[in-house]
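Pasting in a structure now, in structure tokens, and then I'll have a few things to ask.
Note that the chains take the letters A, B, C and D in the order they are written out, and that residue 1 is the start of every chain.
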Amino acid sequence: MSLLKKLVRPFFIVAPYVARSSQTVKYPDERLVFSERFRGRHRLDLDKCIHCGLCARICPCASIVLVPVEGREGKYPQIDYGTCSLCGLCVDACPRGALTMTDFVEFSAYKRSDLVYSPERLAEVPDIKEVLPMLKRRIRPVLTDKEMKYEVVERL
Amino acid sequence: MTEPEIKPEVMRISWGPQHPMSGQTRILIDVDGEIVRRIIADIGFTHRGIEKILENRTFIQGIVPIERMVMADTANIALGYVQAVEEALGIEVPERAKWIRSLICEMGRINSHLYAFGLQVECTGYFPAVFLWTTVDREVLLDLFEKLTGARWSYSFFIPGGVRADLPEGFRDEVKRAVKYLRRRFQDYWDAMVENPLFEMRNRGVGVLSREDAIRLGATGPVLRGSGVDMDVRRDEPYAAYGDLDFKVITEREGDCLARLKVRFHEIEQSLNIMEQIADEIPGGPVRTKVSLFPRSKPGVEALSRVETARGELGVHIFTDGGMKPYRVKINSPTLRNMYVFERLAELDRVLVADLPVILYSIDPWYLDCDR
Amino acid sequence: MQARSEEELVEELKREHSDLLVEAVVHRSKRVSIVAKREKLLELARLLRDKYSFTHPVSAGAIDYIKEGKMQMIYYLMNPESRFMLMLRVDLPRDNPKMPSMTQIWEAMSFHEREAWEMFGIDFEGHPNLTHLLLPPDWRGGYPLRKDFKGEGIAP
Amino acid sequence: MDVVTLIWLYILGLVRWLLKEAPLQVINFVRSLPTLIPELIRWLWDFIWFNFKPLAQIIVIPGLAFILLFAMIVVWFERKFLARAMLRIGPYYCGKRSGWLQVIADFLKLFFKELVIPDDVEKALFLASPILLPTIPALAITLIPFDSNWVLFDAGGLSLPIFLAIAGLAPVVPIFAGWAANNKYTIIGSFRTAYLYVSGEIPLVICAAATALLAGSLDLVDIVEAQRPLWFAVPQFIGFLVFFVGLILEAERTPFDVPTAETELVIGWRTEFSGILFGFTMMAEYVVFLGWTLLFITLYLGGYLGPSLFGVPLYDHIFWMLLKLAVIVVIVVLIRTVYPRLRLDQTLRLGWNYLMPLALLNLFITIILKWGLMI
């Protein structure tokens, strides 16, 4: 008898799942809002940088190189996102807080050379609407006792 | 690997690396009809020379490459390395940092066990419903990781001298809520799968590894505990905050695939308990002692740190020569030990072709860990 | 078999089998290191397994001391009762690293010895299947983990 | 006369005919065209008119369109339903939210994919078997009565045996296919198929025999009509369950999809097929499933019979058949999410140790029942 119960019970557990809300994030249409500490693309504050080169020294992937910038003195970090692992050690090492990390993750490019971000390019983060024109809403996971849902934070 | 000779009465099947279930390895099996006579594990497809890479990185830089060993269980692997570095360099860690480390390690353990659990279930031939459920539940943990460390997978969060940041605001409540949610979910798994008679038929008595064999062949982690050996580094040699935490070491006596699955299942419960304890009782204080970014070691020091990762015991043995980089890092990876057990299982127990993926995933292989 | 503590084991070994070992120290709690004489290694290993019940092999690996001109093979062993890590070491000359295979004592050392064979060039006598484990079967590039291996360093 | 002279005579005769007679013939034909074309059209019209029903049956139900549509709808439903059970969405962008176009897109993709034929395969058999695969069960489907006078191939009193005979041919093809592909996975898969069919088909045949015995006829229409007072699922409950398990086993669906077990044998005997050949094997799976399910409905669930109130039939229609089919599809798909796959030895043990004795018991009960009714 208990065998029969065990055979039948899974049906009653699985069947309600069909009615539950799906967990898929429909990415180009909607995008998660990442947490504050999220380690995405860097942003470089050119005015704060003191050209110490600690970021380049600590980078485990050797993807930071110091290059000169037109119209400014000293050398500034240039990051190759083809090798960067977004570990954030450079941000930790930065003594003046010139390097910070944003929640921008849309890196993909057609050429490998496009992944090398010059200091000027690092200084500004593009608006998300430029990169993802089809983005309709930003969502956030919300955990209730029974299930995980996504709630819409902002409609674009 | 050069292939050993084939006996005339068997057929050799090359199982992987291009196979839906083999993963990044090749397993040669000699089959006689449906019975597997011999298993030969041909590992090394993902060998990246992490031990050599670590010799060329400074102590702090080494955290990033070593995390690439096991992506599902980054925290435990990184902790092994960081602890070895701390021991070699003589760095003290504040109490609160230790607790945060334990919290992340337990979350990582659940994450990894859920992955293993889902894969083993899928191997028995479930349409991947359960695997996807575990993926969804891992999402809860990944969100927590993201809030705490800033990354979902390879959070280079542990650093010699502590952790990189304190818990964010309200994080303890979120941990408690996640624990509550996950507890409720695991009841579904237990009812729908572990107690499913067909699932039991596929797992019970399959790939039996006796206690003596488990010790003799050097099994580790859930494989060893599934065979009834009560061995867990967290308790035998407490590191991080495990000395102050209250948990049980789970063992099962049967030594078959179901026992290993149950060990993982109950370990997840224990990890949830630990998470709750940490959220309740975490002490205050600083989370990081000031350590130079480029620490210099004393010559001739060696430090072996052992941690219990989700796959078993990981040992990181660091030798220094006085430079800024380690002289040699020896990694005792858990999967390599378990792969040897897997290779020998065809001799110890009757293995059918259909049992092969179940046994393989019951030892929870992570080939990147195995090949390093 | 009564479980011995680290100090007890070291003292007993020193007292009774001083002819088999060069050195036996307790590094810290739970870490014992024994340096064996190369020619008496098998005897010591058998003793450790049978008398001191170090039946649980953990791992093995080598280290290349290029300045001293030696290599050290380290076997990590564990007693399932007393649970401390025993490091059984044996010094080998760098120009002729040859030693008896420990697979005769601990079967599970097979993988680790194959790894040491391909990475360091240590020749294990009596190993049943000394073939490449991690490296490709046609690897001719030398021994990667030796210190004089001309590998690439950190990429610029 | 020798042969050469004969040939010359023949050629000369032909030339003479061409010069003298042929132009007259052509002229006559052209003259008679205005009368001939309406004749032809009328003849065609009559042909279609008188043969409309079988033609419609061949094309629509239970013919090609129905089988293809069934395969497509089940594939779509399975993907969508399983995705929901896994908390996913399933096909989404192709064909709005429902993703129905995805099935067609996949079919087109399979159709235009490169056909990779490995070097050392048995070429003729390798190419023929995927085409034979869906054909054989499709032939069996023609015997199923979709209404009391909607039987495409009315074999009368032999329809049940012929169905079983044709459907029993189907497992031979995978064995050939697996052997022809000359691959270790396909060989193991095809031998598993052989084992599986032998253990599954005999209980099915015994169960079918029991229903025929109860109905007193081997004609499927008679069997359906005999269920008018009560569906055979009730008096033959054991047979009903055995047949249901056996039908999943025959269709190689999830608890018993041993021959194509993905986790160990890639996809079993289908491993080497590519492009449209793979598409055919995929379709064959659904056609086999359809065939056995239709027989199951016919034998146990009253076929085309609608619900009846106290013995008064409400409305018999093909619609009921399709409705019952849909319900069974949902149950079988749900089983796929709930149960793991059994091993080969466990499947065989189930077949021989449980299904076979139960089927015999069912037959025995039926005989007693029939005997009791006769007395």
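By definition in this document, a contact is a pair of C-beta atoms (placed from the backbone, for glycine too) under 8 Å apart; a residue touches a chain by one contact, two chains touch by 3 or more.
Owing to the predicted nature of the structure, the values given are computational and were not obtained by experimental measurement.
> Between chain pairs A-D and B-D, which one is joined by a greater number of C-beta pairs in contact?
B-D
> Taking each chain's centre as the mean of its C-alpha atoms, give the chain farthest from chain D.
C
> Name the most central chain, where centre means the mean of Cα atoms.
When every chain is reduced to its C-alpha mean, the one closest to the whole-protein mean is B.
> Mind checking the centre-to-centre distance between chain A and chain D? Centres are C-alpha means, answer in whole Å.
51
> Centre to centre, by mean C-alpha position, how many angstrom separate chain C and chain D?
A distance of 65 Å separates the two centres.
> Taking each chain's centre as the mean of its CA atoms, how far is chain B from chain D in angstrom?
Centre-to-centre distance between chain B and chain D: 48 Å.
> Centroid of chain A to centroid of chain C, CA atoms only: how many Å?
Centre-to-centre distance between chain A and chain C: 44 Å.
> In chain C, what residues contact two or more other chains?
154
> Multi-chain contacts only, two chains or more: what residues does chain B have there?
Touching at least two other chains: 57, 129, 133, 136, 192, 196, 198.
> Would you give the residues of chain D that are in contact with at least 2 other chains, written as numbers and ranges?
85-88, 337-339
> If you look only at chain D, which of its residues touch chain B in the complex?
By the definition above, chain D touches chain B via 82, 85-88, 184-185, 188, 254-255, 257-258, 261-266, 336-346.
> Any idea which chain A residues touch chain D in the complex?
Counting only chain A, the residues touching chain D are 10-11, 14-15, 17-24, 26.
> For a test of understanding, state which residues of chain C touch chain B in their complex under the given definition.
27, 30-31, 55-59, 61, 63-64, 74, 76, 80, 83, 85, 87, 106-108, 110-112, 129, 131-137, 144-145, 149, 151, 153-154
> In their shared complex, at which residues does chain A touch chain B?
Within the complex, chain A touches chain B at residues 3, 6-7, 9-10, 13-14, 17, 23, 34-39, 54, 57-61, 85-89, 92-93, 101, 141, 143-146, 148.
> Please give the residue numbers of chain B that touch chain C in the complex, ascending.
1-2, 4, 43-44, 47, 49, 51-52, 56-57, 215-218, 220, 229, 231, 236-237, 302, 304, 306, 313, 315, 317, 319, 327-328, 330, 332-333, 336-337, 339-341, 344, 371-372
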